[in-house]
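First chain written, first letter: the chains are A, B and C, and each begins at residue 1.
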Amino acid sequence: MSAAALVLAPVFLPLAVGALSAVLPRRAAATLTVIAAAATLMVAVLLGIAVLDAGPVRLEVAGWAPPVGILLAADGLSVVMIGLSAIAVLAAALVAAADDHFAGGHAFWPLVGAAAAAVNGVFVARDVFTAFVLLELLTIASVALVALGGARSAAAALRYLFVAVTGSLFFLLAVALTYGHTGTVDLARAAERADDTVIVGAIIALTVVGMAAKTALFPLHSWLPAAHPAAPTAVSALLSALVIKASIVILWRIVEYFGPLTDLAAPLATAVGVAGAAAVLWGGVLALRRDRLKSIIAYSTVAQVGYMVLLVPLVFTASDPQVAWIGGILITLAHGVAKAAMFLAAGALAAAAGTGRLDGLEGTISRMPWTVAAIGLAGVSLAGLPPTLGFVGKWMLVQASLDAGAWWWLALLLGGGLLTFAYTARMLRATFNPPGDFSGARELTRPARTVAIVPLALAALSVVLGLIPWLLIDVLSAAPMGGGA
Amino acid sequence: MNDDTVTVMSALPVVLLLTSLVPAMLIFALREKRTVLRTTLNLAGAIAKVVLVIVLIPRVVAGEELRAEFTWIPGLDIVFVTDTFSLFFVALSAGLWLATTIYAVGYLEGSPNRSRFFGFFSLCVTATVGIALAGNLLTFLIFFELLTLVTYPLVAHRGTRAALRGARIYLAYTLGGGVALLLGVAWLTLEVGPVEFRAGGIPEVAEFAARDPLTATVIGAVLLLGVGVKAALFPLHGWLPIAMVAPAPVSALLHAVAVVKAGAFGIIRIVEDVFGLALFAELGMLQALAVVASVTIVYGSVRALAQDDLKKRLAYSTVSQVSYIALGAALLSPIATAGAIVHMVNQGFMKITLFFCAGLFAEELKLSKVSQLAGVGRRMPVTSAAFTIAALGMIGLPPFAGFISKWALGLGGLDAGQPWVIAVLLTSTVLNAAYFLPIIATIWTSPRSESEGSDEGTFPVPARRSGWEAPASLLLPAVATALFVILFGVAAGWGYSPWVLAQIVGEGAWP
Amino acid sequence: MTTLQLFMYAGAFILVVGVAATLLVRDLIRRLIALNVASGGVMLLWLALADRGDGEPDPVPQALVLTGIVVMAAVTGIAIVLARRVEQLDDDLEEVEQ
């Protein structure tokens, strides 16, 4: 099988499985989804090897070359993000298979297939039209997934829909500008042909606004703390860990291709950085004040999105932009793995304790120590503390900030981790036994073993990856951002 | 490190780490009731580590250096080395870990969540050994932060409001220090590239300081700030008395073995093996460190005087004593350096003895305040004897271990041309006497009151148990460490004594 | 003003009106309609791009407009179902209160 064909597999495999899941009974759908996710992970590994060997893997669909045909290409970013997608879907599927309550109903399976296909497609897309279509598919699937949370989640889902579609319209406008100015939707060709600073700047600005809405970047973030907790557990995990990554990647791609072409990029990048800083602070402070587990974790995502966009200003000011790119990508990866672990563990905890409120969780640490440990370990990775993958990303962004002399981003990076650990510790404290009660005697409905192990395995993964980050960095460097596909 | 050492690539440094990492992972998975298995794992790991250290010491003293390295990110490695100084710290940690493990097994008998406790306990030692063996600043940083994370659950172990609050404050201080350390390490790595510790200072750092002394000074200050929190330098010491809410074995570990020692170790590494003494002095940082250390020494002793709670008094005593190490590191004299390094061991053993005894008083007789200790010597003579030995050592009386350190520091102060150091040492010794001698006197001399009741100064007298005054697992470690306090003082001339080894390291810091 | 410019300004204007209404209007169905209006504005802009002067209109923007219309149809469908659920829930709550 040629490497080029591998590029299509992460898109079509989940799509096929999703379609089948619509008609198959639950057990079969779950099994197929798990197998497909594992297969996607294998594909990611194979693609990684191919990228290490020979750089980006390109595929012209059906043999038609751009600008007429669609170009898909897997560079370093694509490979690691597809890997993340596979792992996130695998984890969510395992937990959802163990207890339907975590899935929200049978519609979960086809919708997840569609969402995974869309996300993977975005990761390998190289033209803005394909990106737009896939982002729309993703939005529809995600909104429906949120709505699986029952009647109460309908309002949150609808709010998500409005914000996301409005964002899409802005992006569509950017696509229109691109096509109107350069006559092509292919990113590489458009970048070659673009020559008006203002228009390119407008394209970047419109994309930023559109993607900010979809990724919940401050100040367009308020839909996320409503939607993510309202969804069923496995869905929350996927939404935070995966879905918001698609729009971030498109943001990065536009910056990668169009950024160098205009002087307006630097001030726009700074604006993005400021929004990111506000996100980190706002999300962190609000996470400290909420009383429900899933709410805290949702605000944590709002804060982490701030870190993901922090690489944008650094890319323009550091002397070696690759350090900023790779650091930001690694932080995003770390966030994906850790957030999935956190939501899955929190869901298990809430289900066992009967409530998601912090004051209802007393004593759970003695009965479900592994689940609580997963939350703790995930929090360590989010806070960027060693020896996790989050620390590696933070280290590289710190180096980039120091190199660029950007004290403000530096302060944000160093200080934000403290906030993160503060709200993680808050969640952990809530699970301790009430004073005097040592037997952990409260009754809990113990969850299935899978549900306890999966989050911990995810959290452990962030530690393992944190010890061998050179592997990921080699892949990212073999086909770097800005290298052109 | 030094040019005349032979470097051998070996897995042994990693094995040293594994001797406590593997038991930790296994213990976490154990069910609460598996006491025998858990204790076996604990002890097996501790003994294995001590054995390994004993095997390694002669090799390292003879000039061989073991090394293990792993790529972390391209261009930057995780490096472990066993040079004399790192092995010194590992030896201290291994020995005291064994003693504390035995003590903790006895102290926590019957209490809940022991698997969790001993799991994190072992991880704590793993982190400390990692800090000791770190061959470059990055590795040091990683394990330093890891130490913060794994000691937090130990401080919070009891789960009471006070414990959780104490743990939160501990975490705030130490994570804050970690932020400073990350900044310093990242910055230095950016400026000079990925460099490793080198006795006498790293040449690239010296070049960088020649180019840009201001930035070098700032980086040095930030690094010291980062490690200074754990080393309880004034005014970053606030977490230490508050962390006393932890169970006695944890306090013992934090104060004698792991956290404060890691901070002090870090100070010495930064001053001597990153910047080098001469460079640090040139930048003015050495004098600044000496001043801060001296202030801390006096401040800690003064605060200790005011404390009635025994553990709090010992805590402030630690604040003061650890700064002896910082002071020694801040003087331009090989004897002072050796004094600082040997004090790591001496203070470790003395302090741990004191904490063991404090725990014994609390467990057996429910006594936690100094004023309650009247006449305890008759009821618990062995414990009181151990306490007395350690306290006299802290004051600095010969022939106990503490005397060696103070004498070395004083000589070093003269040698470095800073005679005011003697004044600081004398003041501190007087203050030490002021807060330790009364305790000793109270323990041994005040008549025991027969009355039951709750007045201060008396304690209810439980019937004396037949046989030993306390469970062997609690008593023996205290006796053992007290004996070492005597031994390290009396046998300071022996070829492998801490004092001799400290001198070897101290000489090595002078290229 | 040429036809092309007219279409572009009209499209932009309709987009702005639509987005503003989506943000400011309270009623869910009206918001949904506003969203569709906004999308219509963007489609107008796209169609304007299809103008190649005297030659055949450019098929790419037309294809994209078709895609966009389909997407909006799907989105609208989901939104209507969700809006109904929300209103059902509000009705149930009112009943409970009464």
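The rule we apply is simple: a contact is a pair of C-beta atoms (placed from the backbone, for glycine too) under 8 Å apart; a residue touches a chain by one contact, two chains touch by 3 or more.
What you see is a predicted model, and the numbers here were worked out from it, not measured in a lab.
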> Among all chains, which one's averaged Cα position is nearest the averaged Cα position of every protein chain shown?
Replying inline: A
>> If I average the CA coordinates per chain, which chain comes out farthest from chain C?
In response: B
> Could you state the distance in Å from the CA-based centre of chain A to that of chain B?
Replying inline: 42
>> Suppose each chain is reduced to the average of its Cα coordinates; what separation in Å results between chain A and chain C?
In response: 28
>> Based only on mean CA positions, could you tell me how far chain B sits from chain C in angstrom?
In response: 68
> Which of the residues in chain B come into contact with chain A in the complex?
Replying inline: 70-74, 111-113, 116, 141-143, 145-146, 149, 152, 156, 159-161, 164, 168, 171-172, 175-176, 178-179, 182-183, 186-187, 189-190
>> Per the contact definition, I'd like the list of chain A residues that touch chain C in the complex.
In response: 129, 132-133, 136, 139-140, 143-144, 147, 151-152, 154-155, 157-158, 161-162, 165-166, 168-169, 172-173, 175-176, 179-180, 185
> In the complex of these two chains, what residues of chain A are touching chain B?
Replying inline: 366, 369, 380, 385-387, 391-392, 394-396, 398-399, 402-403, 410, 414-415, 417-418, 421, 425, 429, 432-433, 435, 438-440, 467, 469-470, 473-474, 477
> If you look only at chain C, which of its residues touch chain A in the complex?
Replying inline: 15, 19, 22-23, 28, 31, 35, 38-39, 42, 45-46, 49, 60-61, 64, 67-68, 71-72, 74-75, 78-79, 82-83, 85-86, 88-89
